[in-house]
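Sending over a structure as structure tokens; questions will come in a sec.
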Amino acid sequence: MSDTQVILLQLLNTLVTIGVLVLASLGLAIIFGLMDVLNMAHGEFIMLGGYTVVVTSTWGVNPWVGAILAAGVVALVGVAVERGLLGRLSGRPLDALLLTWGLALILRMLIQVIFGAAPRTAVAPVVGAVSVFGTPFPLYKLCVLGLTIVVTIAVLLLFRYPTFGMKVRATLQDREMAACLGVKVRNVYTISFAIGSALAGFAGALLAPFISVNPNLGGTYLVNGFMTVIVGGLGSLIGTVGGSAVIGGAQGAIASFASSVYAQVIVLAIAIVVVRIRPQGIFTRR
Amino acid sequence: MASLGSSRLRRGIAGLIGPSDGEGARRSKERPFALASKTLLFAAAVGVASFFWGGRGGVDQATLWLIFGMLAVGVDVWWGYAGLLSFGHGVFFGLGAFGYAWITTGSLPWFSFLGQTPLAGALFGVVAATAMGALVAYFLSYGRVTGAYFCIVTMALSFLLAALAQGTPLFGGFTGLGGVPPLGIGRFSSSGGAAMLAIVAVTLTVAVYLLRWLLNTNLGRVIDGSRENETRIEYLGANVPKLRVMMMALSAAVSGLAGVFFAAHSGYVSSDLLGMGISTEAVIWVAVGGRMTLIGPVIGAVAVRAAGYALSGVATSFWQLFLGLVIVILVLVGGNGIVGLGRATTGWIRGKMAKKPAVGKAPT
Amino acid sequence: MSILEARDLGIRFGGLWALKGVNLSLTDGEVHGLIGPNGSGKSTFFHLVVGRFAPTTGEVLYRGKALTRLSPSQRARLGIAIKFQITSLFEGLTVAENIEIGIVGRQTSMRQLVWGGSGRGGPSREDNDELLELVGLQDRRNDLAGNLSHGQKQWLEIGMALATDPELLLLDEPTSGMGTEETRKTAELVLRLKGSRTILVIEHDMAFVRQVADSITVLSKGEVLTEGTYESVKDDQRVIEAYLGKGRVRDAS
């Protein structure tokens, strides 16, 4: 393999990493950006998505369908959480944080009790490799990358154009005013939370074949997701994409010559420095 | 109590608990001596009770709980008083513990000039933790990182440092470091038992005293202001980032000291002391016991740990599940933990007694 | 040199110049009114003085020293205090505690905060009481600030600003939401402070302005329209055209 081929391959791998990060963080960014709620259970939502697809696979359901089911299941969980728990808090953001933390613990342990702590595997819906730059590259990874792009664009469009997107942005700007103008704020929150949760579930399902699905996988995604949001900036979904690019890119680049834990630590250091010198995130306009 | 219909009782209790003050809770102006005495009494009570329950082993357990109580106090200094939630205090706790372990086992050749006495170890551990606290606070406070962002970053720090430590031989890798000597000065060394409990209890009491005294000064007022309305107090001239660095250093010092005691008491340190398990459980202790009370966290730590110990026959997953439920319920119900409930109760009783002077009912 | 001077001060938000080419100079000890229709940039001017925004053009000088590089807390320590239009108090603390924080807030040295001040129990009761009396809130010293009426909150804010012992006091609509009696008391308060401090007041209530102000600057659409005493300004055709002041109907004194 020539050097350019190696680099191009690395690039592609990094793109996939970034794509994964975007998928995993988009849901978090929506919920955090809109409702000012740090969903500490975000990682667990991803985990639930993973387990859903594992379960549906054992029933013989095609993993693609399983992924959609996962999105649905986790969306339902999200709605239940938002209506039943978060909704009762009436805007105490730090309390919401603790609440979702407690929820994360509960979810993690429920899954552990039901499924046990041993990791499960999920089978990819497509196997085999495609020749990219002269070497075989897993087809599934390409599919995930493609799906990520499609989903991201869909979400960006959703929040930008249709009436729904307008209502969301209005509520984000001034909740009371939006309510006065007839926006059902409660529903906006619930639907947004549901979308964010669905995205997390979907991400978990897509990722399942890559990773070992176990009850504790949430932690990394939570941390990574948040760093993405910090670096990318709040209130801007494009910022999330940008942030993922930075974080994913950095991790990918560093991980090629250092262990992944060191990569994460360095990236955290970068994130802290970014926060220090440009608190509003790299991609937002203050 | 005088006869209360069960529905009145329920309403009464609901009224006690009420909506949470959240970030606006006012702190008491309790005198340091009174608070410190209560702390000492509580610690002593815990020690005696655990002795009757489980002999010397019980006392050792109680000491551990009080050590965690000290960590909880450290968290309260930051979360309760400075007002920012941190999921990363395990870092300070762990650094204190490792600092002590490294010095007393001579694992740091660069610092061998300090000797290997427990005292040197303790000092090193506390200083390391404090320095880390000041550093973290410096970056985050001057970077105006607050609220949820602060949470994330501290959480990430804790998570990643623990992961890093797991892969580093200095931190003992997966297995941790053993053979950490106990506390002692000169020829006297305490190897557990009542002596260690007493040391921890007294240190805890002194710490609470000093903290309460400090927070009763003008510093406490300015901290209150920075917590309640950060922007406003800046327009009044306060240098909020500097204040926060001070508070974090203080908080980290107390947490680090707890870590030192942990290392000396258990003789063993491992990388998960740095991680999210301890960091987040410490937050639970403070939430259960009562924020901004200094003694509440101690009570909370002991209560949660004791409950965990009692239920330790049951699988750990159930315990964590239980903890999760406790947090969710605590948040939904509001109030300020055990101490908050206690204060509301005494307030309610006093109110009741004031209302019925002439009626023939005997006061409770 | 004047205590406060704005030189060619301007700020642009996106495409809009909220303030443009503003020149203003305050004499020590005077009470200066800043009036103008809504949207003329009065509050923005305050925000620039106090450091909330950075100007696009020009600068603000405090006793000849440019404030541009200083943060709001640094400016506050120089002696500038502000009472914002929208009350921003420590709602969860008592009235007395709010004032206490005003008194000690600007001490930044740890030694001062812990050992110094007027005793370890906090600012002395006398300092506190004096201020509370000045703003008429001594009866409510132990009430939570959040429970005060709107007018009382305004006074508490003024009290807190005064607690910092400022040389320059900026008051943004101190009588908003107040009735006739409260407005009169506020005017009395401002007059009492005149001379020992310099006060810049934004107001819509013309009767109030006439009572307290030594001289007035009129802003319109972000620029200075005219300056002068109340008498010279009130009949100025341009000012009347720019807006009709509320004070015409209420001749309180």
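Here the chain labels run A, B and C in written order, and each chain numbers its own residues starting at 1.
Everything that follows uses one rule, which is that a residue touches a chain if its C-beta (ideal position, glycine included) is under 8 Å from a C-beta of that chain, and two chains touch if they have at least 3 such contacts.
If you're wondering where the values come from, they're calculated on a predicted model, not measured in any experiment.
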item	value
Maximum centroid distance from chain B, chain identifier (CA atoms)	C
Core chain by centroid distance, with centroids computed from Cα atoms only	B
Interchain centroid distance [CA atoms averaged], chain A/chain C, Å	47
Distance from the mean Cα position of chain C to that of chain B, given in whole angstrom	43
Chain centre separation (chain A, chain B; CA means) in Å	33
Multi-chain contact residues (two or more partners), chain B	23
Touching residues on chain B, where the partner in the complex is chain C	21, 23-26, 214, 216-219, 221-222, 224-225, 228-229, 231-240, 242, 246
Touching residues on chain B, where the partner in the complex is chain A	20, 22-23, 85, 139-140, 142-145, 147-149, 151-153, 155-157, 159-161, 163-164, 166-167, 276, 280, 283, 287, 317-318, 320-321, 323-328, 330-332
Of chain A, residues touching chain B in the complex	32, 36, 38, 85, 88-89, 92-95, 97-99, 101-106, 108-110, 112-113, 117, 219, 222-223, 226-227, 230, 259, 261-262, 264-265, 268, 271-273, 275-277, 279
In the complex with chain B, residue positions of chain C that touch it	50, 71-73, 76-77, 81-82, 84, 88-94, 97, 100-102, 104-108, 110, 112-117, 120-123, 146, 160, 163-164
